[in-house]
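Heads up, the next two complexes both have subunit A, just with different partners, subunit B and then subunit C.
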Partner chain A sequence: MGIEARERRQPWILLAPALTSVTLLLFVPLAFIVVYSFWLRTATGADQVGFYLDNWQEALGDPFYRDILFSTLRIAAITTVVCAVMGYPAAYFIARSRGNKAILLLMLMLPFWISYIIRTMSWINILGVSGALNWLLQTLGIINEPIQMLYNETTVILGLVHFLLPFMILNVYVALEGIDISLEDAACSLGSTRWQSFLEVTLPLSLPGLAAGGLLCFVLSAGTYITPLVLGGPRDAMFANLVFEAVITQLNWPLGSALSLMLLAILGGLVLIYNHFLGMGQLMKGLG
Partner chain B sequence: MSAVSLTNIVKRFGKVTAVHRMSMDISDGSFVTLLGPSGCGKTTTLRMIAGLLDPTEGDITIKGNRINDVPIHKRNLGLVFQNYALFPHKTVAENVAFGLKYRSVSKADAQKKVRDALELVQLPHVGDRYPKELSGGQQQRIALARAIVIEPDVLLLDEPLSALDANLREDMRVELKRIQHQIGVTTVFVTHDQSEALAMSDKLVVMSNGVVEQVGAPEEVYNTPASEFVARFLGTSNILDGRCTGLDGSTVALDVNGIGPIQVPRDRAPHLSAEGSAKLVLRAEKLIVASSNAPKDDRIDLTGSVEAVDYQGQAARYFLRIGDHRLQAINMIDDHPFAEGETVSLRFRPRDCAALPET
Partner chain C sequence: MDNTKRYERLRERYLNGDLDRRKFLGLIGAAGLAYGVQTPFARQALAATEQVRFDGWGGVVSEAFRKYAFDPYTKKTGIKVVDGTFGGGDEYLSRVKASQPGEYNIAHLSGVFDYARYHNLGLSSVLNEDNIPNLKFVIPKLVDVFRAVTDGKLSCVPYDYGTTGLAYNRKYISDDEMKEKGAKILLDEKYKGKIAGWSDWRTRIWYASLQTGQDPNGATDMDAIWDAIRKHRDLSLKYWTSGAELMSLLAEEEIYVTEGWSGRIYALQEQGHDIGYMDPPNGFGWQECLFVIKGSPMEACEELLNFMLAPETSIAVAEGQNYPPALDPTKVDLGKKIPTLPAFDPKGTLEGLTFAKPDYWNGHEQEWSKMFGRIQKGY
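The block that comes next holds the complex of A and B.
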C-alpha cells in the first residue's frame, strides 16, 4: 500500500470508533423511532406493525399538541433573550478583565460540577412554601402566610436561565476574546464615544457568538423536560414532557415517536438555518 | 506655538513609574519620534497624548489647550496602531469614512474625502474590499488613510511599521514620510527601531526607563550622544573609559585608558563641562581596520588583532582586541574581509569621536 493511500485511510481509521458508536447509538435508534412513528397502538395495548399515518395526524392536527408546542417555543425564546441580556455583560466583563480571567471562567464552570437535576431542585429550597425566601419574608414580618412562588411558567424560565446562562456567557466570551481590543480605541480616536464604539464595532463583531449562544439556549430549553417537571405546575408541561408522557406513562411508543420527531424536525431546522447563515465553526468554538 | 506640549508628565501604574517628569514641545508640522527599548515609556507617553491613559501628574496641551480632561473622542487625533486595528466587518471605504460620521461632513464631501485619502495612500481602487483581502502593507496604508481623513491636529503612530516584513517596512518608511510631508500634519511616531527613527524624524526623543535621555535632531543625537545609554542604543559604539584632563573653547583633552591622550573637538562634547572621569565614544563605522603594513597617515593608529568576523556582504563587523580593550568596527569590505587572528592596524580620527561625562 502506498503512502498516499495510507494517508487517505488514516482519518477513517481514527474516526472509526466514534463513527461506529454514533451510528449504533444515534442513527440506528433514530431509524427505529421513524419506523415506530408509523405503527399503531391498538386498544389492547399491542403495537400493530404497518404504515399508518394516525400518529402523525394526531400529533400535527390536535390543537392540544400545537398549543404546547407554541408555549414550548415561547418559553425557549424568552429564556434565550433573558440569557442574552444577562449573559452579554457578564461575558464582556470577563473578556475585558485583566489577570483574574482564569478564576472568573472557573467560577462559570463550577455549576457544571453539580448535577443539573440537583441544581434545578435547589430552587425548591429557595422558593418553596417552606423555602428560604418565604422564611426570610416571614421572619422579617413582611408576610404572614407563605406565598406560593413555585410551579409556574416563571419558575420554569428561571430554572432554564439558571441552567443555560453559562453556555451563553461562554459563547459570547469566546467571540469577544477574538476581537482586538484596539478596535474600540481606534473607533474612539476617530470621534465615537465608548458606547458608540461598542455599538459600531464590538457588538457586530460579537454577534456570531451571541447567535451561537442563542441557538444553544434555544435548542436546549425547547428540548428540556426536567425543568418543567421539577419547577413547573400541571399546566406548564413542555413538548418533551408530552413525549415522556406518551412513551413512559401511556406506553404509546408510536405516538411518542411521532411527537419527538416533530420536535427534532423543528429544532433541526433551526440549526440548519443557523448553519446556513453563520456556519458551525462559531458554535464549535464556543463549545471548545 | 507648539502643536503638542507635555509638561512634567508622570505616569505611575501602581508602584511602577512608567514615565517620570517628562517634558517636551512638538512644533507644528514636525515629525517627532519617541525612541527607546521596550518598557521605556514611549508607548505610554503616546497613549497619554491620545487620551487612552490619564497622566498621574503634569499637563498635556494641544495647540495651547490643556486636554488632560478631554475624552479621547473629542481630541481630534489620528491614531495608527501597530496591528492596523481596521474594522474587519466594514469595507475599506467604510473604515476610512468612519471618523467622518462623527463630524459634520455632508455625504458627498465625505465620499470625496475618502477618495482623496485613498488616493493619497496610493490605493484608490480598494474601497469596496474588506481589510482581510488586503496585504499587511496595504492594510497599514488604509489605517493611515483612516487616521488622516479626519484632518487631525496630531497624527500619532504607534510602531506602525513593526508588523511589516523588512523590505516593505523600508518602502512604507519613505511613503509615510512623503504623506506626512505632503499634508504637513504634526506627527508623533513611536518606535524601537533606530533606523526608522533616524531616517524619518525631524526630532528624536530618546527614552529609557521612563526618562528622556536626549532630545535633538537625528544627526545631533547620533553624533553627540548625551549619555552612554544613547551612545549604545543608537548605532554601534565603542565606549572607552578615561579622564578629561583639560577643556577650552575648541577642544577637550582626554586621557583614554590603554590608548593615551586624545583631543576631541569641543562641539563633539557638549555635555562635558568639567575635568574628571569621562568616556570616549568611538562609532564602529569610524574605526577603520587596515592592513598592518599599510602606509601611515594622520589618523591615530593602534595595533590590534581580529578576534571574530561577522560577514554581512557589503560590510563586515569585526570584533577586535587592543591590549585589554575589546572594540567593534563595521567597515565596508574592500576586496576580502580581514581574517580571524590577523594582526591589523586600527585607525580613527579624534574629530570623529565624541566625549561624555561619567554618569
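The block that comes next holds the complex of A and C.
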C-alpha cells in the first residue's frame, strides 16, 4: 500500500469510532422515529405497522399544533434576545477584565454543577407565595399580601434565561477574546469616542459569537420541556410538552414521532441557515 | 407437574400394559437425560434472580415500601429489590412499552382501568396463586374485579385503596363552605388563581361530571364536561403532576383548594398543616394493585407479593403510606391507625366508594385524553 493511500485512509480510521457512535446513537434512532411516524396508534394503545400519512396530516394541518409551535418559537426568540442583552455586557466584562478572568469563568460554569431541574425548581423557593422575594417585600413593608409571581409565561422565560445565559456569555466571550484590543485603541486614536469604537469595531467583530450564542439559546429553548412544566401555568405549554404528551400520556408514539420530527426539521433548518451564512466554526469555539 | 409425578404416571402406564418395557425404559432414559441437561441451567436461572424491580409512586409511599417490605424481604431471601418511581400510570406504561421483557417486574398500578390497559397490550402475566397464600386475607370484592378482566386469572394482587377527594386549606375555606359547594368549589370564581388540579384526564373528567351533575361512570353531555374543564383551567394556578407537587402547592399556600389523593393529604395533616379533606358524593374511589409484568421472574415476584401481603407487612406499609390496605378488616385486625385513615371501610365491602368502570374509561381513552390535552393548553 502506497503512502498516499495510507494517508488518505488515516483520517477515516481516526474518525471511525466517532462516526460509528453517531450513526448508532443518532442516525439509527432517528431512522426508527421516521419509520414510527408513519405507523398508527390503535384504540388499545398498540401500534399498527404500515405506511399511513395520518400523523403527518394531523401534525401539519391541525391549527392546534401550529399555534403551539408559533408560541414556542416566540418564547424561544424572547429568551434569546434577553440572553443576548444580559449576556453581552457580562461577556465583555469578563473578556476585558485583568487577572481574575479564570475565577469569573469558573463562576460562570458553577451552575452547570447543579442539576438543571434543581436549578429550575429553585425559582419556586425564590418567587413562591412563601418564597424569599415575597418574604423580603413583606418584611420591608412594601407589600401586605404575597404577590403571585409564579406559573406564567414570564417565569418560564426567566427559567430559560437562567439556564441558557452561560451559553450566550461563553460564545460572546470567545468572540471578544479573539479581537485584537489595539483595534479599539487605533479607532480612538483616529478620533472616535470609546462608545463609537465599540459600535464600529468591537460589536461588528463579535457578531459571529453573538449569533452562535443566539443560535444555541434559540435551539435549546425551543426544545425545552422541563421549564414550562415546572414554572408554567395551565396555558404555558411548549412544543416539546406536546411530544411528551403524545408519547407518554396518549401512548401515541407515531404522532409523537411526527411532532418531534417537525420540531427537528424547523430547528435543523435554522442551523443550516446559520451554517450557510456564518459557518459552524464560531459555535464550536463557544462550546469548546 | 414435577418429575416424581411424571415418573409415577409413566410407571402406572407401564404396569397397566399401555407401554412396553423397551418404550418405558427409553422414556425414563430420555427424561433422565433431559433432567440432567436442564437442571444445572435451571438452577443457574433460579440463582440468577438476584433482583426484582419494583416501580411505584415515590415519596412517602416508596419510603414505606422500602422500610417495611423491601429491606426485610431482601434480608430474608437475599433477593435485592430495585425500586423506581413514576409520576403517573401513563408515563410508566410508556416506559414499559419501550423496555425489553423482564426489565420491569412489579408495578404499583392504580385502578382497574390501568390493569385492563396492560392486559390489552399483552403485558399481563399469570400468577400462581398457590405461591401467594396471603391472598386469602384480601377483600374478595377487590380481587374479583381483577379476575373479571383476565378471565378468572390474576396478574396482580390488590394492595390498597383510597380516594381522590377535595383538599382545602382551612385557613381560607371552612368545612361548611366545602360541604355546601362540594366539587363545584373548583369552579368558584372567588378562588381564582388559588385553585389547582391534577393533570390527569380521567380525574378532570370525573370531577367535571360531578360539577355538571352527571354520573362519573356514564356521562351523557360531554360538551358540558369540556366547558367545566375549561372553566376550571381558567381559574387554576397550575395543574400538578406528582404527589410531591400537590403537597408542596398546598403546604406553601400557593393554592387553597384542589382535588388530592387521600393518603398524601393525610400525610400533610400529620405534618401539622391545617388541610381539610372531603370526599364529595360519588367521589373518585380507586384501588391499587401490585401488578407483575409479563417476562418477570414469577416465583421471585410471587414470593415478594406474598411477603408484602402478610398482615404485619401490609399494615406497616399502609400506616406508612396512609392508604388503607386491601386486607379484609373482618379477617385481620388492622390496628389503631388504619381505621382513622380517609376512605377506610370497616365492613370491607367498599360499598361507599365509587370506582371507575374500566370499559367506560378505556373505551374513551384515546379520544378523551387527546381532547383534554388540548383544553389543558388553552383550547
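Here are some notes:
Going forward, the second predicted complex is superposed on the first by the 285 of 288 C-alpha atoms of A that agree within 3 Å, B and C clash if a C-alpha of one lies under 4 Å from a C-alpha of the other, contacts with A are read in each partner's own complex, and residues count from 1 in each chain.
Simple rule for what comes next: a residue touches a chain if its C-beta (ideal position, glycine included) is under 8 Å from a C-beta of that chain, and two chains touch if they have at least 3 such contacts.
Quick caveat, the model's predicted, so the values are computed rather than measured.
In the model built by aligning both structures on subunit A, subunit B fits alongside subunit C without clashing. In the superposed pair of complexes, A:L190 makes contact with subunit B only, with no contact to subunit C. Taking subunit A as the reference, the larger set of touched residues comes from C, when subunit B and subunit C are compared. When the two structures are aligned on the shared chain, A:D180 is found in touch with subunit B, with no touch to subunit C.
Once the two complexes are laid over each other on the shared chain, residue contacts for A:S115 go to neither subunit B nor subunit C.
In the superposition on chain A, contact of A:P204 is made with subunit B only, not with subunit C.
Taking the C-alpha centre of subunit A as the vertex, the lines to the centres of subunit B and subunit C open to an angle of 150 degrees, rounded to the nearest 10.
Touch criterion met: A:P234 reaches subunit C, while subunit B stays clear of it.
Contacts of A:T139 after superposition on the shared chain: neither subunit B nor subunit C is touched. Remark: least CA distance from subunit B to subunit C after fitting both complexes onto chain A is 48 Å.
The touching residues of subunit B, counted against subunit A in their complex, run 50-52, 71-79, 81, 83, 85-89, 98-99, 101-103, 146-147, 150.
Against subunit A, in their complex, subunit C makes its touches with residues 88, 90-91, 93-94, 97, 117, 120-122, 193, 201, 233-234, 236-239, 241, 248, 252-254, 365-366, 369-370, 373-374, 376-379. Within the complex formed with subunit B, the residues of subunit A that make contact are 180, 182-183, 185-194, 196, 200-201, 204-205. Listing the residues of subunit A that touch subunit C in their complex gives 41, 43-46, 64, 68, 124, 128-130, 148, 150-151, 229, 233-235, 237, 241-242, 245, 247-253.
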